[in-house]
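Presented sequentially are two complexes of chain A, the first with chain B as partner and the second with chain C.
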Partner chain A sequence: MRRAELLSRILIIIGIILAVGAPLYFWKSTPIIHAQMADDGGWSPDVIQAEVGKPIRLKFTSDDVVHGFAVGQMDMQSMDILPGKVTDVTLNFDKPGIYTFFCTRWCGLNHWRMRGTIEVSGSPSDPEPISPPLYVSLDLDIDAPHDAPIIPSQTPFAIRGESLATQLPINIYPSPDYYLSHSPYQVFTDLSNTSLSESQRWDVVAYIWQSNTTKESLENGKQLYAQNCAACHGENGAGDGVFADDLAQAGEASMQSMSGAMDMMMQTPVDFTDPTRMLGASPALLQGKILRGGMGTGMPMWGSIFTEEQIWDLIAYLYSFQFEYEK
Partner chain B sequence: MNPRFSLLLFMMAGMVVAFAPLPVPAVAPQARIFRIDARQYAYSASELEVNQGDTVIIRLVSADVVHGLYVDGYDVSVEADPGQSATLTFIADKPGSFRFRCNLTCGAMHPFMIGKLTVGNNNWLFRSIGLAMLAVFGVILSIKQKA
Partner chain C sequence: MAKIELTRNPFIKNAIKSRYPQLAVFIVMLVGYIFAILAGLIGTPVGSHNFSIVFVWIAWWAVLILVAVPFFGRGWCAVCPIPLPGEWLQRGAVLSPPEKRPKWLNLRVPKMFRNIWLQNISFLLLALFSSVLLTTPNITGIVLAVMLFAAIGLSTIFERRAFCRYLCPVGGFIGLYSQTAPIELRIKDKQVCVKCEGKPCYNGSAAGYGCPWDVFPGGLTKNTYCGLCMECIRTCPHDNIAINLRPFSADLAKPSTRMDEAFKAFIMLGSAMIYAGVLLGPWGTLKDAAYGVGTGAWFIYAVVFLAIIFGILPGFFSLGLLKTKSNLPFKQRFASLSTALIPLGLMFWVAFSLSFVLTNASYILAALSDPLGLGWNLFGTANFAWQPMLTTILAPAQTLALVVGLIWSARTAQKSASEAGVSPLPIIFYSFVATSTMLWLLL
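Now for the complex of A and B:
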């Protein structure tokens, strides 16, 4: 009787320790990744190791404000990281390489600097050939000025352009390669040997641009723009986002020592509603600018985050600040 | 005059001042549009005044980190990222003063990020002035009676 009681007590204590301790041990074994504003250090740690084919479980918490987590060029739902809460993410990588993870909720002027990498090791199952982006193969200088000398007197209207384009003898214009490598102004000058008036030529240009995108692309681009670009470039594309003034101020302090006062003028975000700049830029040129960023400004490098398709959708949306498309 | 009777009279008068329904000025309900800029750790326009029955449309514009806006009493909320302003629409059908506060942790001073929504006239100010004057009047009267 006495021994049996002792034994059962020991059994109960061991059971309790196992029930509490084992989950705690496994939970503790994945360390928590802390998110802070970029000014205070960003992610810590900011380099994560992973292996191909092995699911990796990550835990996040925020030390200050609301942050988000997503991995660039990966089809995943972004996760919110809230202060005082732990967010669990399980990731699976099927290709080795270095992935960029980034903050998805705006957390201040330097939000976009909040990035880290996941180094995925393993043998590649099928090595993919890497083709250079279009602006490299076209050998474009993406820092050269590209102002359009002639701008339309009214917003070009794609529907008017459509009926005009059918009368034209040529039909090479709406081909994707032509669209990607030519700026609206170049197409406008290419059309100068036709009998159309200037505003009619701009309408045809608008039609060509519309026929190279879809409503889904524009919608996707609009969403990407709101999430990633609007804070600086403005919700309506006018370069007047909530951070525009802060950027100009920060630029004075941070850029002066690097390349003098002249370059600082570039610190204000570009106005996409300005036809001189936008109509002089080809999609390939814009792709280069978005991929690489920089340009002596606070423009982030998006190459490691957006997929190529996302960038083309975004570019299609940027042109919609210039052209009036069919609704 | 019987002091008991006059006390009763004053109490009746006090009840009337405190609870008598005032004629509500006939203002047709309208849509009120506010733009609120949210920064760490304040709203600008932090005090809103509307009439009862108005439709309140608040456009919340965040200028640094993700902020929220939650209206106490109405239990409605909205959150805005910088670059993605958000709109909150509700009908102010409850009179009174209500706190609104940030409901997304936005930094160390987050709990102090508050504002006030006033719906309808602040009747209680005038009613309490009336009550105070009535009390003063009553005290003076009772002193005179005793003297």
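Now for the complex of A and C:
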């Protein structure tokens, strides 16, 4: 074979090897976490390994729409992941454990299912005692019906309740957990031995609920609600979020009827403006529902994402759909 | 205007006769093509950021339809990498012919396929799936790979470039529109060819290969099937072949009489109009139907697509022709006068392409810096924001292209009609209505 022909062939083969090999090499050696809508697979990979004290740099890209990234129970700013673009973040864990990362953008109907875990290994420097959540220690059946049999004829007003409460001869806080473990209706019932009218008793209940939170907590709860809950439950809590119609439609197809305490309609977001439901629910019960999620209903579990403080702030805000607080 | 023989320039002549400059271009193009396949298959699935989508459907298409075809005819075919691996295998060499040729089947393509109907079908197949093809990187990667392997397969079964000549979905319309280009490869003196023994330009010699496009250069009167591979310039022992600069649309003075070419003109005209409606129009339902491959709506879209191309457009054209009186058989009149649709269709495609190329050109810079979507920023342009370019001149440029197309088409109709001995008026009216519709669709 002539030398020129041989050299040309070698050049062509090198070119083809480079054209095939270089993209494959760089592709294999650049681990990227791909975000897709949950229906198409969610996070890939969805389990990441990390070590305590060793910063880990993660690269993300979205394969479809804008997603967001945050790690539950960590003090971090959520980060946007744009389609076709690579965004990176460096995380540092100081405690071992299994952390949940999740999408922070309303990317689609099953946005809530876009979750993954970061398994952080290493020895804990200072083991922390674990105490069960309140709903567990109270042994609440959070799937049991809890409707309030009596509801107020008008929105209970905390300012009116405050002046009435100061005149009452009884202690409205029998114990520190009294507020957390009682529903507004139970407190309303406990006030039945006073001389107050029904409407006045509901006002006192509103005052009790207001005095157990702060404006900062309510503001924080409002933000958490807007970011994480409003897509399904609606901006005003009426269960009419932007995904509600789609969820109802999807529910027709994937309806699951749970035999047991009650039949549950799959995929129907709860209406927080419904007093029968909300005034019969104690903060501890709502904590259970948020922590665990509404099994079989499409409501995700938030226990691995929100801190305890965030959950109480959120619950305080949920009651504001029932009570009128001081502005 | 007289022709100017470019190959008189010794620099151009030597650059063409030597195989090395062409080989260098071939290697770059082949590497780029394979890279585009890989990028389509493993890169980001987001079309607007994937190298294969951005470089094939925006950059390559822009160069092809706005520059290569109008000014260089089959200039793209001269550097296209798709047939190369197959051709090198077929020849057993990448440079001059080897002493011993490999024993492939080397069959002649059956006569029934020696036309551009298969190209018409392959183009229509891609056109019907184009909404998905143009936006989904892995489908683009697969289609590019299928074309490469189809070309290799055909090279081992049939002689010469069977893929380019009879199957390539792009080659058909490049050939049709190359007739309008101001460049040609032609012989200098017919008598030299008549007396030439062995016809090495067609049959090959030690100096080079017989025409890969299965064309006898001595008989070339149109650009349609000359792939500008330059092989005949190397093999001609009499230095009788030249590359000429010539007036635009010179070949259109010799109207075609072939129905496959006539329908190619309708396919291209209709596709440009349908694309303008689907991709640039405000009709969401139409867009959804085009994107919903396999759905009922898509089947309706496909039927309407084909009905416009094979029924409505040729139907109205035929109605116009029936009004004319001529001794020529109807089929011949139909094929001959459809020549007027060649410049019209080309300018439709130019006008349509201007719109989406200028709208999406900014993606090229971002894809260049991060071709595999791995977070690179090779040239500092990875985060270049999407922005439509030259928006102020877009509508005037499109209007100008369409008006030029209409005038060009009318002039061609006049020539074809006088050869056929009929009135050009129905064809001019037809072109006017088509141009008005396209103008409405684009603006």
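Going forward, the second predicted complex is superposed on the first by the 282 of 327 C-alpha atoms of A that agree within 3 Å, B and C clash if a C-alpha of one lies under 4 Å from a C-alpha of the other, contacts with A are read in each partner's own complex, and residues count from 1 in each chain.
Convention: a residue touches a chain if its C-beta (ideal position, glycine included) is under 8 Å from a C-beta of that chain, and two chains touch if they have at least 3 such contacts.
What you see is a predicted model, and the numbers here were worked out from it, not measured in a lab.
**Student:** Could you tell me if A:Ala231 is touching chain B, chain C, both of them or neither one (first, second, both, neither)?
**Tutor:** A:Ala231: touches chain B, not chain C.
**Student:** Scan A:Arg105 for contacts with chain B and chain C and give back first, second, both or neither.
**Tutor:** After superposition on chain A, A:Arg105 lies in contact with chain B alone.
**Student:** Quick check for you: in the superposed arrangement, does A:Gly84 touch first (chain B), second (chain C), both or neither?
**Tutor:** both
**Student:** Kindly classify A:Tyr179 by the partners it touches after superposition: chain B alone (first), chain C alone (second), both, or neither?
**Tutor:** Neither partner.
**Student:** Which of the two partners, first being chain B and second being chain C, lies in contact with A:Tyr135: first, second, both, or neither?
**Tutor:** neither
**Student:** For A:Asp64, using the defined touch cut-off, is the partner it touches chain B, chain C, both, or neither? Pick first, second, both or neither.
**Tutor:** It touches chain B and chain C both.
**Student:** When the two structures are overlaid on chain A, which partner does A:Gly241 contact: first (chain B), second (chain C), both, or neither?
**Tutor:** first
**Student:** First (chain B), second (chain C), both or neither: which does A:Trp27 touch?
**Tutor:** second
**Student:** Looking at the overlay, does A:Leu18 come into contact with chain B only (first), chain C only (second), both, or neither?
**Tutor:** In the superposition, A:Leu18 touches chain C alone.
**Student:** More residues of chain A in touch with chain C or with chain B?
**Tutor:** Between chain B and chain C, the winner on chain A residue contacts is C.
**Student:** What part of chain A is shared between its chain B contacts and its chain C contacts?
**Tutor:** 62, 64, 83-84
**Student:** Inside the complex, what are the residues of chain A that reach chain C?
**Tutor:** 1-2, 4-5, 8-9, 11-12, 15-16, 18-20, 22-24, 26-27, 30, 32, 59, 61-64, 83-86, 88
**Student:** Flag every residue of chain B that touches chain A in the complex, lowest number first.
**Tutor:** 61-66, 81-85, 104-108
**Student:** For chain A, which residues count as touching chain B in their complex?
**Tutor:** Chain A residues touching chain B: 37, 62, 64-66, 82-84, 105-109, 111, 226-227, 229-232, 235, 241-243.
**Student:** Applying the document's contact rule, which stretches of chain C touch chain A when the two form their complex?
**Tutor:** 23, 27, 30-32, 34-35, 38-39, 42-46, 48-50, 88, 93-96, 98, 370, 372-375, 383
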